[in-house]
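Quick heads-up: structures coming right below.
Here come two complexes built around subunit A, the first alongside subunit B, the second alongside subunit C.
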Partner chain A sequence: MELFIDITLLTFLCITAMAITVIRKLFCAVMLASIFSLLCACLFVTMDAVDVAFTEAAVGSGISTVLMLAALNLTHSREKRPPHQPLVALLVVGVTGIVLMYGTMDLPVFGDAAAPIHHHVAPRYIEQSPLEVGPPNFVTSILASYRGYDTLAETIVIFTAGLSVIALLGIRDRYAGRPIPSDRSAMKDYVVLRIVAKMLMPFVFLFALYVQFHGDYGAGGGFQAGVIFASGVIIHSLTLGRDRTLKAFPHQFLRGLATVGVLIYGGTGLASILRGGNFLDYSVLAATQLKGQHLGIFLVELGVGLTVFSIMILMYYAFSYRREP
Partner chain B sequence: MTIPDFITAFCLILGALLGLTGGVGVYRLPDFFTRLHACSVTDSACAFLILSGLMFQTGFSLATIKLFFILVFLLITSPTSTHALAKAALNSGEIPWCQSQKER
Partner chain C sequence: MNLAGHYNYWVAIFLMMTGFYVVISRGNLIKKLIGLNLFSTSVFILYISLGKIHGATAPIADDRFQLYSNPVPHVLILTAIVVGVATTAVGLALITRIYEQYGSIEEDDIRIKDESL
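Now for the complex of A and B:
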């Protein structure tokens, strides 16, 4: 049965990928990319990787679709045909694909118990993490504690990406205090949409908080929570108008918040040095090892959530405020 | 087969049938609005039936509550999205298909 589901999903995945390459309408391509992410998320669920599936669904098919649609505002809605047939590019891509496929032949079969990856650190993560770190969801322990350095770097990558987008596009405060000339985003005549959005927004925020603070026990964590919180704000901006969103979440404030998130993460590491441990070794933060780890993971996830949230909103601002009136 | 099992089977079969008709409808119907009608049936009725069918299987547990919340969420959002799509299409100049269109 699982094989049947896998085959169906992978077939859909291939069809979607082909369609993305063929189609010239960028709007359709964005939608297809969203479907592609959703199918990937389904595949991750069949592999029992719920946290990854959650992230893929929230980031890939959720907010990146919105960001790409906002970016479409700045460009044409059709992809231009290349002036020449890119045969060399096709050759390079084809050869790379064949080499990669040849490379997969040496990989162990999916789910093979004798595969090297199941014998290196994975047994320790599975067996020792309840004793060493604590949270029942050991994906969170791996992400925030064992692999804390990687997650710090990921957070900094997101931070840098956001900074680059703002530096390249800039956020113009041209409508500050004035009504927007042709306010297409305020949706004056979409009453139903506005009411439903107002009804759902608190629940979206509540769910984001749940994901943020329940990450120790179930699927979730700072990345997903930040993205969900950001999508709540984007709903606000789409239905009630940019002006009101900018008033509620000014971009100077968000810039500060993004920095604070990274600083919380790094500061947790420094605090553990000051208390006599290694960088990002949370065990020394509190009286007992488990309490220290719990506090450290809480702080780190909070930092990640703040950074991801504010960077996503800032990117959205940068894309959607750029439009000339 | 107990009564909840029977209800579940009924709901799931009916839901799957509605999903199938929705798919056929999107493929066969002539224009945007009629297709939207087809997929809105899938969105609301099919999801409603399948989720309530599953709720009869979980007994009274946390899973039932979660399914119920998903159900409420879908019942609110999918008609809204259909409405928004239809309105956006109408605003951007899409004319609903009708029989008399051939004569015009």
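Now for the complex of A and C:
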């Protein structure tokens, strides 16, 4: 049964990928890419990667699609016929593919418990992390504690990417210090959509908070929560008009929040140095090791959540306010 | 040779090559970016496939289960996805600026404009 689901999903993925290659309307290509991500998320669930599936569903088929559509709105939405023959490209791709397939011959069989990858650090994490770090979700323990350095660097990468987008596009508030005219609602004519989306909003925010604070025990964490919270704000912007969203979540405030997120993460590391431990060694933060780890992971995930949330919204702002009507 | 045993890897490579093909054969910059995303998502599939163990469950500790899939690739890919969308956004911002400057997002039009300067 598992194999059947696996093969069905992979077949659908292949069909979607081929359609993306062939189709010339960029709008359709973006929507197909969104479907591709959703199928991938399903595939990740069948392969036990629930946290990854969560992220892929929220980021790949959510935020990524929104940003692509916003960029299409600013540019052209139709692709020109490619002028050169695709034969050379096909040859290069074919040869590379065959070489890579030859490489997979040495890989262990799919799902093999004896594969080398499962006999290095992974068993140690699985056996020791509930005793050393605490949270039942191993992914959270590794992400926030064992590999805290990597995650700090990745948070900074996201922060820097956000800064670059703002530097390239800028954000202009047309109604800064002035009231917004009452007729400027994005979906004035779509009553059902508007009301349903409005009712959905508080639940999206509540769910984001749940994902943020329950990430130690189940699937979830700062990255996912930040993206889900951001999609709630994007619903706000689609239903009530983007000018109102900019009033409710001012971009100056979000810039500050993104910085605060990175500072909370780095500050937790510095606090553990000041208390006599190593950088990002949370064990010294509280009376016992497990309490310290719990506090450290809570703070670090909060920092990640704040940064991801504000950077995603700022990117959305940068694209959707670029060309003024 | 176990066909089902390597099926996941081969499909991941096929998808990777589809993305690669889109990147090198299409002149439209947004299409190239979509191809790049396709490529990176296939790498994610390959990584997660390597972490799967038959009969195991999701890596969340519970007394009822003994065998868990490998959580290390999950951590790597989780952060890679979010970093991926951040870098895609930078790419889209650059494409938007290129469009504003050149009036086109087709590679050939941009090259012609560049050469006529």
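As a convention for this text, the second predicted complex is superposed on the first by the 305 of 325 C-alpha atoms of A that agree within 3 Å, B and C clash if a C-alpha of one lies under 4 Å from a C-alpha of the other, contacts with A are read in each partner's own complex, and residues count from 1 in each chain.
Definition applied: a contact is a pair of C-beta atoms (placed from the backbone, for glycine too) under 8 Å apart; a residue touches a chain by one contact, two chains touch by 3 or more.
Model, not experiment: these values are computed from the prediction.
A.B. asks: Superposed on subunit A, are subunit B and subunit C clashing or fitting side by side?
C.D. replies: With subunit A aligned, subunit B clears subunit C, so fit.
A.B. asks: Taking the superposition as given, does A:Leu193 touch the first partner, subunit B, the second, subunit C, both, or neither?
C.D. replies: The answer is first: A:Leu193 touches subunit B but not subunit C.
A.B. asks: I'd like to know which partner A:Gly232 touches here: subunit B for first, subunit C for second, both or neither.
C.D. replies: A:Gly232 contacts neither subunit B nor subunit C.
A.B. asks: After superposing on the shared chain, does subunit C or subunit B touch more subunit A residues?
C.D. replies: It is C that touches the greater number of subunit A residues.
A.B. asks: On the A-aligned overlay, A:Gly261 touches which partner chain: subunit B = first, subunit C = second, or both, or neither?
C.D. replies: neither
A.B. asks: Would you check which partner chain A:Gly134 touches, where first means subunit B only, second means subunit C only, and both and neither mean what they say?
C.D. replies: Touch status of A:Gly134: no partner.
A.B. asks: Return first, second, both or neither, reflecting whether A:Gly220 touches subunit B, subunit C, both chains, or no partner chain.
C.D. replies: neither
A.B. asks: Just checking: does A:Lys80 make contact with subunit B only, subunit C only, both, or neither of them? Give me first, second, both or neither.
C.D. replies: After superposition on chain A, A:Lys80 lies in contact with subunit C alone.
A.B. asks: Using the superposed model, give me the angle at subunit A's CA centre between the CA centres of subunit B and subunit C, as a multiple of 10 °.
C.D. replies: So the C-alpha centres give an angle of 90 degrees.
A.B. asks: Compute the least Cα distance separating subunit B from subunit C in the superposition and give it as a whole number of Å.
C.D. replies: Nearest C-alpha pair, subunit B versus subunit C: 16 Å apart.
A.B. asks: Which subunit A residues come up in both lists, the one for subunit B and the one for subunit C?
C.D. replies: Correct list for subunit A: none, the interfaces share no residue.
A.B. asks: Going by the contact rule at the top, pick out the subunit A residues touching subunit C in the complex.
C.D. replies: 3, 6-7, 10, 13-14, 17-18, 20-21, 26, 29-30, 33, 36-37, 40, 43-44, 47-52, 55-56, 59-60, 63-64, 67-68, 70-72, 74-76, 79-80, 82-84, 86, 89-90, 92-94, 96-97, 100-101, 104-105, 107, 109-113, 115, 117-118, 121-122, 125-126, 130, 136-139, 142-143, 147, 150-151, 154, 157-158, 161-162, 164-165, 168-169, 217-219, 221, 223, 227, 308, 311-312, 315, 318-319, 322
A.B. asks: Using the touch rule from the top, collect the residues of subunit C that touch subunit A in their complex.
C.D. replies: So the residues of subunit C in touch with subunit A come to 2, 4-11, 13-22, 24-28, 30-31, 33-35, 37-38, 41, 44-45, 48-62, 67-75, 77-79, 81-90, 92-97, 99, 104-106, 108.
A.B. asks: Hey, which residues of subunit B end up touching subunit A in the complex?
C.D. replies: The touching residues are 73, 76-77, 80, 83-84, 87.
A.B. asks: Considering the complex alone, what residue numbers of subunit A touch subunit B?
C.D. replies: 190, 192-193, 196, 199-200, 203
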